[in-house]
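Got a structure here, written out as structure tokens. Questions coming.
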Amino acid sequence: MGGYGDVQLLREDGKRLDGRALDEMRPVSIEVGVLPAAQGSAMVTHGLNVAVAAVYGPMEAHPRKIQRQDRAVIDVRYNMAPFSTSDRIRPGFNRRSQEISKVTAEALESVVLVELYPRSKIRVEIEILAAEAGTRCAGITAATAALADAGIPMRDLMIGVASGKIENIVVLDLDKAEDNYGQADLPAGILPNTGEIAFLQMDGDLSPDEFNLAMEYNFKAAREIHDIMVNALKQKQQRGEA
Amino acid sequence: MGGYGDVQLLREDGKRLDGRALDEMRPVSIEVGVLPAAQGSAMVTHGLNVAVAAVYGPMEAHPRKIQRQDRAVIDVRYNMAPFSTSDRIRPGFNRRSQEISKVTAEALESVVLVELYPRSKIRVEIEILAAEAGTRCAGITAATAALADAGIPMRDLMIGVASGKIENIVVLDLDKAEDNYGQADLPAGILPNTGEIAFLQMDGDLSPDEFNLAMEYNFKAAREIHDIMVNALKQKQQRGEA
Amino acid sequence: MGGYGDVQLLREDGKRLDGRALDEMRPVSIEVGVLPAAQGSAMVTHGLNVAVAAVYGPMEAHPRKIQRQDRAVIDVRYNMAPFSTSDRIRPGFNRRSQEISKVTAEALESVVLVELYPRSKIRVEIEILAAEAGTRCAGITAATAALADAGIPMRDLMIGVASGKIENIVVLDLDKAEDNYGQADLPAGILPNTGEIAFLQMDGDLSPDEFNLAMEYNFKAAREIHDIMVNALKQKQQRGEA
Amino acid sequence: MVELVPSLLRQELGRLAAVDERLDGRGRWEGRGVTLETNCLYNAEGSAKVTIGGTIVYAGVKFEIRAPWPDRPTQGSLMCGAELRPVAHVKYEPGPPSPESIELGRVVDRGIRESGCIDMDDLCIVPGEKVWGIMIDIHVLSDQGNIFDACGLAAIAALRTAIVPAQRFDVGEDYTLKVNGTPIMASFTRVGGRFIYDPSEQEELGGDERIHITLGDEGHVHSLQKGLKGVFTPAEFAEIFEVAQQRCAELRNLVAEQEGN
Amino acid sequence: MVELVPSLLRQELGRLAAVDERLDGRGRWEGRGVTLETNCLYNAEGSAKVTIGGTIVYAGVKFEIRAPWPDRPTQGSLMCGAELRPVAHVKYEPGPPSPESIELGRVVDRGIRESGCIDMDDLCIVPGEKVWGIMIDIHVLSDQGNIFDACGLAAIAALRTAIVPAQRFDVGEDYTLKVNGTPIMASFTRVGGRFIYDPSEQEELGGDERIHITLGDEGHVHSLQKGLKGVFTPAEFAEIFEVAQQRCAELRNLVAEQEGN
Amino acid sequence: MVELVPSLLRQELGRLAAVDERLDGRGRWEGRGVTLETNCLYNAEGSAKVTIGGTIVYAGVKFEIRAPWPDRPTQGSLMCGAELRPVAHVKYEPGPPSPESIELGRVVDRGIRESGCIDMDDLCIVPGEKVWGIMIDIHVLSDQGNIFDACGLAAIAALRTAIVPAQRFDVGEDYTLKVNGTPIMASFTRVGGRFIYDPSEQEELGGDERIHITLGDEGHVHSLQKGLKGVFTPAEFAEIFEVAQQRCAELRNLVAEQEGN
């Protein structure tokens, strides 16, 4: 978190600069089946973020040494397109992307019924086309929707959401200015139906009480996005039947 | 193509700066069997360019996934030595070399009777020792001569040649100044006996008519170099018999 | 060797700046069994140098192509920690480390009874925690001690030592100033009992006579360090029995 | 196993070619439906999304300020790169850029660069000190055949909508990048022994060599590339060269229409 | 073969968990013995060696002078990296940094950075021209479980002993780096179905997901990370969050004691 | 399979050694024919081609202008690198530099550098601002044994013919680089239990450790390197050291003759 400026992030009416309430998330839309070449795919627009995910597999896992006898492994690549940010990102190796890919894969392995596919691999490709704070969460949501679109069974639909702290107040879903000048960010991968958490990171400064409130906000938002996703999946099914 | 300067490339007598006619190529010499460690080898001097090629194989193709059940694959590495150019070239990865290697390999696969060697690999190593415009063509000629020297059957001897455009006039075989300040370059891999083209690239600006003339020049030069190559191969055979 | 300054490295009493005699080495201490996760390990302090070595194996050698039918291969990685030198070293690929790793591995293969373990691999990891001239020698000594600690049979205990030349005089065991401003450095891997040499490098300027004297010093120091190592191994054994 | 399918596919493609038909019913020189959308990427200074059948490609333009080369003190630069990431097809693997993606990027780059549509002197800010560097990044999201044409179209369409972000870099007011022309690529693949235009995924799988032709506004050729195993004759080239003239003109009209909106 | 052992191990760990026991006899929230030694690396400007059971980690601090970022002319920088080299365990392989070592370094880095214990403005030498860059390198020599906590502890302990080498860089007298606070990491792994503190090598091998919590002096959380396969509930998190408060306070005392010496 | 041949080869080499013979009929300390050609690479500022039997090596010298290191404001630099590319032998594979090629380049580099034949102060253009950097690149085209000696000879011969391209860099007139001495390398391999000079491809395949000795004009040693598996005694070393004196003197004469032409 930056947290170093004297930037004002809350208006006098108690709302945030873009007019949102403290516990209000940015608009989210989801479309599935967007990439004809993939087995499953989704595009998630979360505020100004755009994340696309493609799913391939289950397929044979190789090289052999990555195979697990009792379950599928999930191979995630989170990647930001060079034009997705204000300053161009050089293509290629990147420590941040590697870390996000790793923990996202582990979160998805916790949600997908990987035991159904021993020795196999499921490839999940997350591409960020536009980034404006919150891409790892939009990517998680897109990955879940793409897996559902591919018909891969999951114990719940994992939703990526984040809360944070600005001007010493906990708020839901930081935008870019809030992320740059805020005090904390708590991204999570939430299973709204089971009430569980499969992905968790955090940086900044939160007291135990602030942490609890931020996590409450995350669960609330996850339920909202969950409904949007279910709707998107139904719409595609209806298109298919029509 | 550069094409941005006001550099004069044609003399008042209509000849080029080095005295060549418009459809005249630089001197070319070919020697085969120059590298004792290789199965076949050749050194081509084309103007001031020096290209050396070595051939190894056919050998088992591995890793397995590069194998083709019905034919040999040809693995080409085109490489410019660090001292081959005016400014030293750093050894290692290089996008230009990778592209030339790929399309040269594909051209050679079109000419070598690869169906004779299923599942195998033929390695062709092209090393540029001196570069002065036209190295990819000199490399193709050297590769062909080295393959012939190694006794690998081909449908024809592929010759690398280029024509281009300077001062709005089509000319054969650009030298370095013409390449730097000219308007187009059309390198091709020509099969003079079958009348076919196995390698083609082009950049710059050519009208359809200019293209046709440039390609005519290329076929003409290819026939000339073809004879030089046949001669070089015969000479080695005679040395062997003597 | 630097050798370019007018730096005085010998005192008026004929001793070296740190008070050592010409044929006197820096204090050396050895402790074995220092890393619980390794099969064998050792820490060597040689002057201000600190080298730690870990041994894993013998284990199956793979990929298959590194296997030798008649013996074990020894896989050495010599690495300097980023904080081991005055100017931080960037982690990662490094030509000097690669060369030292290669010749150290070959020296160890000459000493370990590799014929006892066909098709297998022994991993030797050498980590330099503090560097002050002489790290490759301290690393060799640590590797030997770690191999002995792991119970891997050797024809002798190889000791890493170096002599050199300062102010036109041959001296034993250069320290950092002597290395920076001296005229020659002759690091060797000595087998004190068999009287053989398994590791040898040298740079600088030595006449044949100077070379002979420097090598004599190396043998003398190797015998001293050999005794220290035997003692360290005995002490651990006694701890084990106690 | 993997190679059995192409072998049957090749037979079928050969049979269809003999009666002048294609797998999806198209005519030999007929392209699939093309859509073009511009200004579709929030953080890019110019952008385009192109679909050709089930092939989907995005291109985004970014600018940077850099020092010019000493021997060309008034000239900026243009760089075009393509990434064939694993998102686009099950056949693409992670890792350093493959020869395929390097070739793709370089062929698209040459078509745009060599058309002269960007005057490098237009990119000068302070001679000898500061010039603009333009970077076009192409991102293939779904490959169902003929990504070359989709990438070429997305790149030039994105470039033609680019706004130079002078304000953000504190060197004046933003302005529209000047682009003189609309180079367009047309790609042909030998399928069942004859060349066809705009190969589908199946046609690429069971086909042979391909030829990429980039033509400028006046029908001059600016870039050529022959790829994959196979040879062709000058007569064959003459035929596809003529088809390319028509197809490129049509796509150039599509860009103009889109810009008219 | 390789996977049989973990499977038996998992059974045994489940059995023990059911009766609230652990393989090495520890209580559920009990850590192994910890030792801390500082100023133990000759060429580092600050250093620490930490052992937790058979796990051994060194951290060394180095400084460099660099130009500040244009938008933060008075701020220096802090970078923390970890190397999981093959010396530490038979399971680590040579090669470029693995995702595991990248995650390790970044989690430790965030804990220290986000605690605010280094005021980046303190690292200014000449505004807009020269600032200090601090680099903490962590070297794992022996991994017998819970390297995260060992690395976190070594990093902050090394940082707290660092001397800024101003003299060597010709910018004044050496002085002790100002460090405001002692962020401490506590790691929990699900073993046999329940979370435990300070997992041993065996518990990591037969366990599931883990959670890393970094707490500052006042018990605020500065960094969280959930790793590996598994999910947890808010109630489970609340429980380990409270344990973390105690364990971190104890280790913070250990640092203070060591500094008192 | 692959290893059967070396095993038979080793037996044969042992048998020959016992009667003081070699596979190709040479005496124990006899080298193969050596040819040296200089100024043979058009774009290099100095160049040489060396053949030793069927081994062929080129070396090319290039110059660049760079800023000197702050602590040595008047000193230029010399760098020597070797590439063992797949062109040279079926055994060499593509990829990043192998340990073999790194060792080769560094051993040749040390021999030249440590002989002091280049006075780094001679490479100063403007103290503290501009110095020459010399780069010798060695390219092995055909490896039929003893590439070390061929590379060492090509490197020093190329260096001794180098013209400093001052005019091209706009810092004065071109001039011949001053090179004080002709360091020469001699390499020995243990074959059939004894050391021999100038190993052939077969002798390297069936041999053991090797020793590389670089000697300067007065017979002082400037670089040593022992490579591969095997040990040797001081007495053995003394013997090859003496042979090296003779062989190096002969090759030094060859360089002088070539320069006389």
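Here the chain labels run A, B, C, D, E and F in written order, and each chain numbers its own residues starting at 1.
In the analysis below, a contact is a pair of C-beta atoms (placed from the backbone, for glycine too) under 8 Å apart; a residue touches a chain by one contact, two chains touch by 3 or more.
In this text the structure is predicted, and so the values were computed from the model without any measurement.
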Furthest chain, CA centroid comparison against chain D: C
Equivalent interface to C-E, taken from A-D, A-E or B-D so that over half of the residue contact pairs match: A-D
Maximum centroid distance from chain F, chain identifier (CA atoms): A
Distance between the centres, which are taken as Cα means, of chain E and chain D, whole angstrom: 48
Chain C and chain F, separation of their C-alpha mean positions in angstrom: 26
Inter-centroid spacing, chain E versus chain B (mean Cα positions, whole Å): 57
Where chain B touches two or more other chains at once, by residue number: none
Multi-chain contact sites of chain E, meaning residues that touch two or more partners: 96-97
Ring topology as an ordered chain list, initiated at chain A and continued via chain E: A, E, C, F, B, D
For the chain C and chain F complex, residues of the former touching the latter: 1, 4, 68-70, 93, 95-96, 98-99, 101-103, 106-107, 109-111, 186, 191, 194-208, 211-212, 215
Of all residues in chain C, those that touch chain E in their complex: 34-38, 41, 48, 50, 52, 54, 56, 59, 77, 79, 81-88, 91-92, 123, 125, 127, 129-132
Chain A contact footprint on chain D (complex, rising order): 41-44, 47, 53-56, 58, 60-62, 64, 81, 83, 85-90, 94, 96-97, 135, 137, 139, 141-144, 168, 201
Footprint of chain C on chain F - complex, ascending: 3, 72, 75, 96-97, 99-100, 102-103, 105-106, 110, 113-116, 120, 209, 211, 216, 219-234, 237-238, 241
